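Same chain, two partners: chain A is paired with chain B first, then with chain C.
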Partner chain A sequence: MKDTQWPIYQVFHQEQPDRPHTNAGAVHAPDAELALQNARDVFVRRPDCVSLWVVPADQIFSLTAEEIERAGLPPTPAGNGDSQRYLVFLKRTQAGSHEHVGAVSASSGPAALGEAVRSFGTEEALVWWVVPEGLVERTDAAEVGSLFGPAKDKPYRDQAFYHTTTLMRQIRGRPRQET
Partner chain B sequence: MNEADRLKAFEERIRRGEKIEPGDWMPDEYRRQLIRMISQHAHSEVVGMLPEGAWITRAPNLRRKLVLLAKVQDEAGHGQYLYHAAETLGATREEMIEALLSGRAKYSSIFNYPSLSWADMGVIGWFVDGAAILNQTMLARCSYGPYSRANIRISAEESFHMKQGKEQVILMSQGSPLQRSMVQDAANRWWWPTIMMFGPHDHDSPNSPVLIRWGIKTKTNDQLRQDFVNQVAPEVLELGLSLPDPELHFDQASGNWLIGPIDWDEFWRVVKGDGPCNAERMAARRKAHADGEWVREALAGYAERQPAA
Partner chain C sequence: MKAELREALANYLTAIGDDELILAHRDSEWAGHAPILEEDIGFANLALDELGHASIWYRLAAELLDEDPDRHPDALVFTRPASEFRNVQMVELPNGDWAFSMLRQYLFDASEQVRLSALAASKHPELAQAAVKIRTEELYHIRHTSAWVRRLGLGTQQSNRKMQTALDLLYPRALQLFTEETGEAELASAGLVPRPDRLLASWASQVSEELIASELRLPDGNLSTPAGRNAHTSHLEPLVAELQQVARLEAEIAW
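Let's turn to the complex of A and B:
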């Protein structure tokens, strides 16, 4: 059997229930279920996650502000009638990541991109991503405790756990030891 | 738009502080330099698990064991963030891992030195992770979006690595005579290899000008090295420890801690594969990859048997 590294899934995590899902990075996995598991291991070693989504990277349709400036808006293909919902993610600031902002209905990925640009405006984003909603695999609310709970019991992963500044200050205040 | 105009527009974007994203136009050389740097950075995280991983079973107590496990696990995660950033430029993880296992790829030369005592766990954290944080904090401002974002994530997590190490060095330096001599020995062995981590002097670093011009790096090797020495050397001395450099001194005029000459013959020897542990590290990576093959096969078999969604 070929020793493959498997397909790529983009990972979106939600830090608080009232915050949008934001792109964290990507994982490789043989299927969506294991992609969620890998995403938990790679991106949730600390207690700042309440929900994860994974999306097959090759199903994401992408457009950047630079592409629009260089080549203009791509033509919107004529629809074949069957439309489906696409989730829209925008990267809105230079230093930021792609955030979930809503959904559009369209008959194809390229049409959904055109729809997203029209709905949210070209001034609104630096990168547009759309993905068929049906391909988004999400963590189950019932599993949130077992998936994300363990990260909460590990305060030693936080730099504030170590009082190096205080220790150095105490040592500076003491006479030098013989070595 | 012709090639020259595109390059001009690209460099104007860099000057305005814009991030370059996958899909955007970029010069081939920008892509090539980034793949080279990011894959080396990823390999360094992965190989970097080995010197510390060896001490997990020998940690002196449960607290130190949990901390070391968490740190090594973070390094594995950091390797994954970085492989992904390189993938956005068209490199595949298969070819990057193949380049590492075949010995073609480079990784940070620091990981080819052995970790000989528990005190090394403290000194590696403070010196090696401290040096890595300076580099990664700079790279968090990199002009390439995915690499910048990976480094933001890494830097936030890595300050714990540095502080757990520094805490250990502080405590051992104030401990028993045996603890003091252990931590002094570790500091003696890791100081110069850490100084070399920043790479050749600027005048011997052929990639530096283009990396700075395109905002991939915002500081040079020598600037970062000086930041490190200024940050770490005075505190090490305050702990009553010494550093193995008779020329190390504070220079009033420049406000810098100055070091003696670096042994570049040693640096190039280790980079070219002749360090104390190069062969051992590569053998460990190859074994880990081979030992995991049945897991990859089983998962692929399971995925194939699932009904199509």
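Let's turn to the complex of A and C:
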């Protein structure tokens, strides 16, 4: 069956200016601009956030520690292609999320993965992601106030805070007041 | 501030609070029904924001009337008869399709943007402060809704047609946001609120640019003068009845 859903974008959020961008999850969106809006609405209504990135999930090149163990690193290409910058993200633990660690230059996605493992080789990682830097849509620093500011001082209240169910039971248990 | 001005300003704030409350209620009816999950969450966020703004305006009105700012907003929302609400008709209309609801939200957000920018300079300091605070949130609203308006307008023949139908219905009704109510001229002269004709002019130029860029046609010809805010459609009464249903079960229970 044809998948009629919109494409998936991976979302990376930054909680403080000195912290790396970390994978928050994914959203569906018809384009990058709406992906940023959906990311804001779905992932940063409450927690602190100073910056959001979204990238098309199908443009992410991925490599796992198991694959490296089985087949070795992708070979370094001859170096005749035009190279571009790729952002590198590592997932270090099973329960952890992909975290931005830096960038490499390479002529293709697979080559960038090899470069990433060699450049950040001291890092123990389970999964490596690289994505062409040009495909990363970012929030504008000038918009931080309107995107992330308003939610900051709003308390999050669990449904149970309001005792609605208990009160409704009490009301229902009493005879109706006829007016 | 003179007593007449205080009362007129409280009425003004109650009216714009009613716009926010009733629109929030209509928007909230999309929860669980929006076209995709992400937008379901996004649109519900907009509804919550508008509800929060209503509460801010009602509290300011309470302070002007020397009413309890905690209890007065509840009284306005949960015990007032529908006939005493002062919201514009545009926000009480049933949701219709997604194009209608999104365009309504956009036209309203654009009106809020021009109104809040002017209210930020109000000579009533508490009002100016509230306007500055709400305006930050509205910047995101207009970004969200205008992005949708462009995509639906420029999307497919079907989405464009639905948007055009919605615009033909909504545009004349949106003008009601800028009618001059009793006492408003005095408030404007005192520098407390903006003059509605100025708001209308900047709103119209802002939205027409966006709508034309989205390949939508503005209604042509002379539009009839909109009704005042005490005139409602038959849709408001059932909405208010639903809104007050639970509160009316027990007048004085503490939620």
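Here, the second predicted complex is superposed on the first by the 141 of 179 C-alpha atoms of A that agree within 3 Å, B and C clash if a C-alpha of one lies under 4 Å from a C-alpha of the other, contacts with A are read in each partner's own complex, and residues count from 1 in each chain.
By definition in this document, a contact is a pair of C-beta atoms (placed from the backbone, for glycine too) under 8 Å apart; a residue touches a chain by one contact, two chains touch by 3 or more.
The structure displayed is predicted, hence computed values, not measured ones.
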* Asked: Is A:18 contacted by the first partner chain B, the second partner chain C, both or neither?
  -> neither
* Asked: Where does A:58 make contact in the superposed view: on chain B (first), on chain C (second), on both, or on neither?
  -> neither
* May I ask you to decide whether A:161 touches chain B, chain C, both, or neither, giving the answer as first, second, both or neither? => first
* Asked: First (chain B), second (chain C), both or neither: which does A:34 touch?
  -> both
* Of the partners chain B and chain C, which touch A:126 in the superposed model: first, second, both, neither? -> first
* Asked: So which one touches more of the residues on chain A, chain B or chain C?
  -> B
* Which of chain B and chain C A:82 touches, first, second, both or neither -> neither
* To do: Based on the superposed arrangement, let me know which partner A:149 touches: chain B (first), chain C (second), both, or neither?
  => second
* **Interface residues of chain A shared between complexes with chain B and chain C** => 5-6, 27-28, 30, 34, 41-42, 45, 154, 162-164, 167-168, 171
* Asked: What does chain B use to touch chain A in their complex?
  -> 1, 13, 17-25, 63, 66-67, 70, 73-74, 77, 80-81, 84-85, 87, 92-94, 97, 145, 148-150, 152-153, 157, 159-160, 162-164, 166-167, 170-171, 174, 180, 184, 235, 238-241, 293, 296-297, 299-303, 306, 309
* chain C - residues contacting chain A, complex -> 36-39, 41-42, 45, 49, 52, 136-137, 139-140, 143-144, 147, 151, 246, 249-250, 253, 255
* In the complex formed with chain C, which residues of chain A make contact? -> 5-6, 27-30, 33-34, 37-38, 40-42, 45, 143, 145-147, 149-150, 154, 162-164, 167-168, 170-171
* In the complex of these two chains, what residues of chain A are touching chain B? -> 1, 3-6, 8, 24-28, 30-32, 34, 41-43, 45-46, 62-64, 66-67, 70, 91, 94-95, 97, 126-127, 154, 156-159, 161-164, 167-168, 171-172, 176-177, 179
